[in-house]
Amino acid sequence: MVDFEFAKDKVMMGAERRSLALSEEEKRVVAYHEAGHALIAAVLPNADPLHKVTIIPRGLALGLTQQLPAEDRYMHGKSYLQDELVVLMGGRLAEQIVFGEDHITTGAGNDLERATELSRKMVCEWGMSHLGPLTFGKREEAIFLGKEFARHQDYSEATAVEIDSEIKRLVETAFARAKEALMKHRPVLDKIADALLEREVLEGEEVYQMVSEHTGVPVDKLKGPGRPSPSTEIV
Amino acid sequence: MVDFEFAKDKVMMGAERRSLALSEEEKRVVAYHEAGHALIAAVLPNADPLHKVTIIPRGLALGLTQQLPAEDRYMHGKSYLQDELVVLMGGRLAEQIVFGEDHITTGAGNDLERATELSRKMVCEWGMSHLGPLTFGKREEAIFLGKEFARHQDYSEATAVEIDSEIKRLVETAFARAKEALMKHRPVLDKIADALLEREVLEGEEVYQMVSEHTGVPVDKLKGPGRPSPSTEIV
Amino acid sequence: MVDFEFAKDKVMMGAERRSLALSEEEKRVVAYHEAGHALIAAVLPNADPLHKVTIIPRGLALGLTQQLPAEDRYMHGKSYLQDELVVLMGGRLAEQIVFGEDHITTGAGNDLERATELSRKMVCEWGMSHLGPLTFGKREEAIFLGKEFARHQDYSEATAVEIDSEIKRLVETAFARAKEALMKHRPVLDKIADALLEREVLEGEEVYQMVSEHTGVPVDKLKGPGRPSPSTEIV
Amino acid sequence: MVDFEFAKDKVMMGAERRSLALSEEEKRVVAYHEAGHALIAAVLPNADPLHKVTIIPRGLALGLTQQLPAEDRYMHGKSYLQDELVVLMGGRLAEQIVFGEDHITTGAGNDLERATELSRKMVCEWGMSHLGPLTFGKREEAIFLGKEFARHQDYSEATAVEIDSEIKRLVETAFARAKEALMKHRPVLDKIADALLEREVLEGEEVYQMVSEHTGVPVDKLKGPGRPSPSTEIV
Amino acid sequence: MVDFEFAKDKVMMGAERRSLALSEEEKRVVAYHEAGHALIAAVLPNADPLHKVTIIPRGLALGLTQQLPAEDRYMHGKSYLQDELVVLMGGRLAEQIVFGEDHITTGAGNDLERATELSRKMVCEWGMSHLGPLTFGKREEAIFLGKEFARHQDYSEATAVEIDSEIKRLVETAFARAKEALMKHRPVLDKIADALLEREVLEGEEVYQMVSEHTGVPVDKLKGPGRPSPSTEIV
Amino acid sequence: MVDFEFAKDKVMMGAERRSLALSEEEKRVVAYHEAGHALIAAVLPNADPLHKVTIIPRGLALGLTQQLPAEDRYMHGKSYLQDELVVLMGGRLAEQIVFGEDHITTGAGNDLERATELSRKMVCEWGMSHLGPLTFGKREEAIFLGKEFARHQDYSEATAVEIDSEIKRLVETAFARAKEALMKHRPVLDKIADALLEREVLEGEEVYQMVSEHTGVPVDKLKGPGRPSPSTEIV
């Protein structure tokens, strides 16, 4: 079973890069960043359940928080997407709360990009904003690869302003919810970060246990409905 | 006759994909989504008559509502197009009414895209909006395929604002009419969804029968003039 | 002579497609659409004289109204262009007057596109609008074919707004004149449509005769100065 | 000498196309259009001297007015350019004055395009407008041909509005001066047009004679400083 | 030494084209245009010292003013760039002052283009304007040639307006300073132009002598710090 | 050890180009420009520690200031980035303070470009501005090289205005801090520049010593946390 887990991690998260010599200071930043993602994944009702969190660099990432849904899903609900946005905000917010606004790092760049893209899809492709049940922009697909490249702007500047405003609203709402969650469970945040600095890898179960101890909520209740999503990594 | 029907469905809707393991929760969402399309197709006077509705995944779709016109048609009237817009809105609205605004799903993405494109054509190609009997944008066709790719913007930003506003008005009007229809016939919506969850496929005739029982209107009267259109699928 | 006429029609309008099975309802729409074009071509002083009108599908068109000028012309006057715009509006307006605003069809799409393009040329290439004796946009020609593809925008957004406004004014003026003409001669419109439904093809002379009987104006006087232009077809 | 003149005309203006069967009405329009160009070239002090005027179609043109400068020139003064703009306006204005605003034709399209381009260069390349001694837009040259294709916009929308406004001012000033010139010498305009309809070709000298008789100004005084420019043709 | 000078001029300014038959009037315009450049180069403190001025056409230019710095330089100061802008304005201004606003010519086109480009670099690449120490636009270089082609706009329309406004301010300030210089030393301007018309070429030393006689300032003092720059030519 | 240092400098900064004959005046400008960078690198707490500063031209640069972090780093904090912006401003500001606003040079062009790009990334990629935790613009990477080329604008003009404003704020804040630092330690600035003019190369240690003598702060305390960054060069 250990071998299977090892193989699966290598395929899903890339090979470990223990040779990367992060400074102690950097390791603390990464530990809190991942602890932020993990804690939020554990406490939000509609996000995918937390599977594992690590600060061993893998591929291009300096740390990883992995969520795994209970079963495969073929569509995503609005509340699931909103909670995933909050998970994505968790890394940057943990840095900000613990080290201060002046010491936030470039490490959250990839989280912010994914959050912005997800919000854009909620507004422009899935009709999940104040702009109503319309789509905006025409997909331009690379036929030979089946991969979407860009959306062609086919709307007015006035509509572009509204789209920007809705994307911002979705991300900032998620940011505020992430802040609330981390402030409320700050002791757990420290505990997760400390455990990561000590043991480098934590199973999701361990994090749920810490949250349960702090909140008094049983672990079963903490695990939300669970849906598939890629892991939230910090580059 | 059964073999013919099977062959026709395969050609028109793609092969069945019974192997897709949707969760019970997802199946309920798909059932109500398709029930929304089907109910509206059955009660609107100018939409194409309902032929069949299913929640067996086919091709890229998780479910399908198929409308078939009484005979081939070579032009489309404004009232027909307006009613088809309402049918397209039916899936998303059923989800919203039954599961709540927070649980609308990504599954309506394709419906919204088609409704937006159809509205754009009504405004920009067929002179069916407040903007009057003009066309907007120059078609750019891929000569070798005969397929239209994009429309080149040849108008001012001020006109672009008016076009966006008219497209939005057409879609939102259709949305409001869909809401009215589903609220009014909510018991039939539940009945169709339940039947779909039980038997997976319903003939149009069965749906007309349910509507007739609920409204007291004879089936003949329910079937509108009927025009050809592709099926309304949920991805 | 009949053979010559047959050959000329085939070359100029495409082969007949009697196999297209239009419904009775569609045939009525096409008949009134073409009757609208034909009636206006017959009563406006500066449009090309009416040559023939038919509801037998040819090529991509479901019906055709053919105008033929008395002799070849090498330049076009503003009043000729204005009257041709009115002829182009005649099809859509006949549908609207007879069947109601809700039942206008996609069949007028090509007419609207040609009217918009003609108006654009009057404004941007021929100095025939309030914008004065200037040209707007640079022609981009495909050298190898000698065919004009697009005009490159070389003016400000403010000018683009004025151009849109002048194009709209030209088309809407033509629309209003078309409405006036069809309302005034409504009995003739019905007579032409009925004759088309019965015999499918009418010579221009027959239409002039109907107009003459209704207005008391002799046929000679009805025929305007006459200039060459392509036929006005409904797709 | 006659042979030389014939050869030079063929090279500079294209072969005659006497086979083009213009109607009497069209011939009158062309005659007045060319008379308008010719009269203005003869009375403006800084335009190139008038060499010849004809209504025999040549190449793509239905008529031609040819100006020839006294000697080759390597730079152009602002007053010369302003007067050439007035000559370009003369054709359209003659049509308008003689036949009325409703009967202006598409024949002036090429004149208007050239006037707009010339004005654009005065504003954007030669610093001859209220916008001051700057250039606007970057030239994009096709290296292999040495031919300028387009100017790349490298300025703001606000500047684009000012450029449009200055181009319009230059053309409209020229239009007003052309109107004044033709109104003042209307009898000569008729005389030139009549002579063209009768003899098809007029030497510049004949036109100067007519102007001289009407104004009392000796022919020598009429001929301005004279600079090279292409002939002003009507397509 | 004469041969060396001849060879250097041919390499730096192109071969002489004595065959170009400029009219007497054109020669006077060129003489004053170059005299304007030369006089300003001689009186401004930070411009490169004047080396030679000629009205013999060379390459594409009808006349040339050549400045040569005392030694090679590897950076340029703001005051040097400002003075070079004034030298570039000198040609157009001499035409305007001597022949009048209506007789300014197309010959200054190249000067205006270079002045605009230089101002744009001061604002967008070197932080020498009110817009502060930022750069605007991304350079797009043709890798294979190492030659800069265009700057890609990566800023808002609002910033574009400010850039246009700063470029205009820089050029107009230089224009006003050029006007002041030429008005103040008008007798020297005439003297240089007369000498050019008589002898076609003047050494910089001769011009400095004329300025010294008129102002009483010794020649040594007139020569500024001197920096390298291409010659200021009139096409 | 000397050979290693020589080899490392050649690889990191390019070969020396002692043949470039800068004038005495230019050498002074370069000395103060580099002294400006060096002094700020030495006094700011979060910038990388100063390693070496030189006015021997290398590669395309006329002088170089080299910073070396204490150890490799894999992420950058906001305060580090802010301090590096101030270091980049130091060269231009030294020129301005010592020689006056009119004598700032083109030599700072590369510094300004890098500062603008760094600020853009803080705003658009790393969520370090008032615009919040979103990204703006879609990266377009050249797949075959893994090199980022440009960011595609996928936001409204209104957002573009906000982005420009935040970039400007970041650069101007850095500019003001650089001014404060140089004004406060002006005597050290002169001392570094004089030493550079005399000996051409200074070790970082020497600069720290000068700052320590002037401020009374021990050298250890001056050296900030230290992070890797490329050298700040003047072209």
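For clarity, chains are labelled A, B, C, D, E and F in written order, and residue numbers in each chain start from 1.
Please note the rule applied: a residue touches a chain if its C-beta (ideal position, glycine included) is under 8 Å from a C-beta of that chain, and two chains touch if they have at least 3 such contacts.
What you see is a predicted model; the values in this text were computed from it and never measured.
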Turning angle required so that subunit E lies on subunit F, C-alpha fit (0 to 180°, nearest 5): 60
Longest centre-to-centre distance from subunit F, chain (CA-based): C
Whole-Å gap separating subunit A and subunit C, where each centre is the average of the chain's CA atoms: 60
Inter-chain centre distance, subunit C versus subunit D - centres from mean C-alpha coordinates, in Å: 35
Shared interface positions of subunit C, touching two or more other chains: 157
Topology of the chain contact graph, where touching chains are joined (line, ring, star, complete, other): ring
Ring of chains, enumerated from subunit D in the sense that reaches subunit E first: D, E, F, A, B, C
Contacting residues of subunit A [partner subunit F, same complex]: 20-23, 25-26, 29, 62, 89, 92, 99, 101-109, 112-113, 115-116, 119-120, 150-151, 153, 157, 160-161, 163-164, 167-168, 171-172, 175
Subunit B partner contacts - residues on subunit A that touch it in the complex: 71-79, 81-82, 125-128, 132-136, 138, 152, 154-159, 225
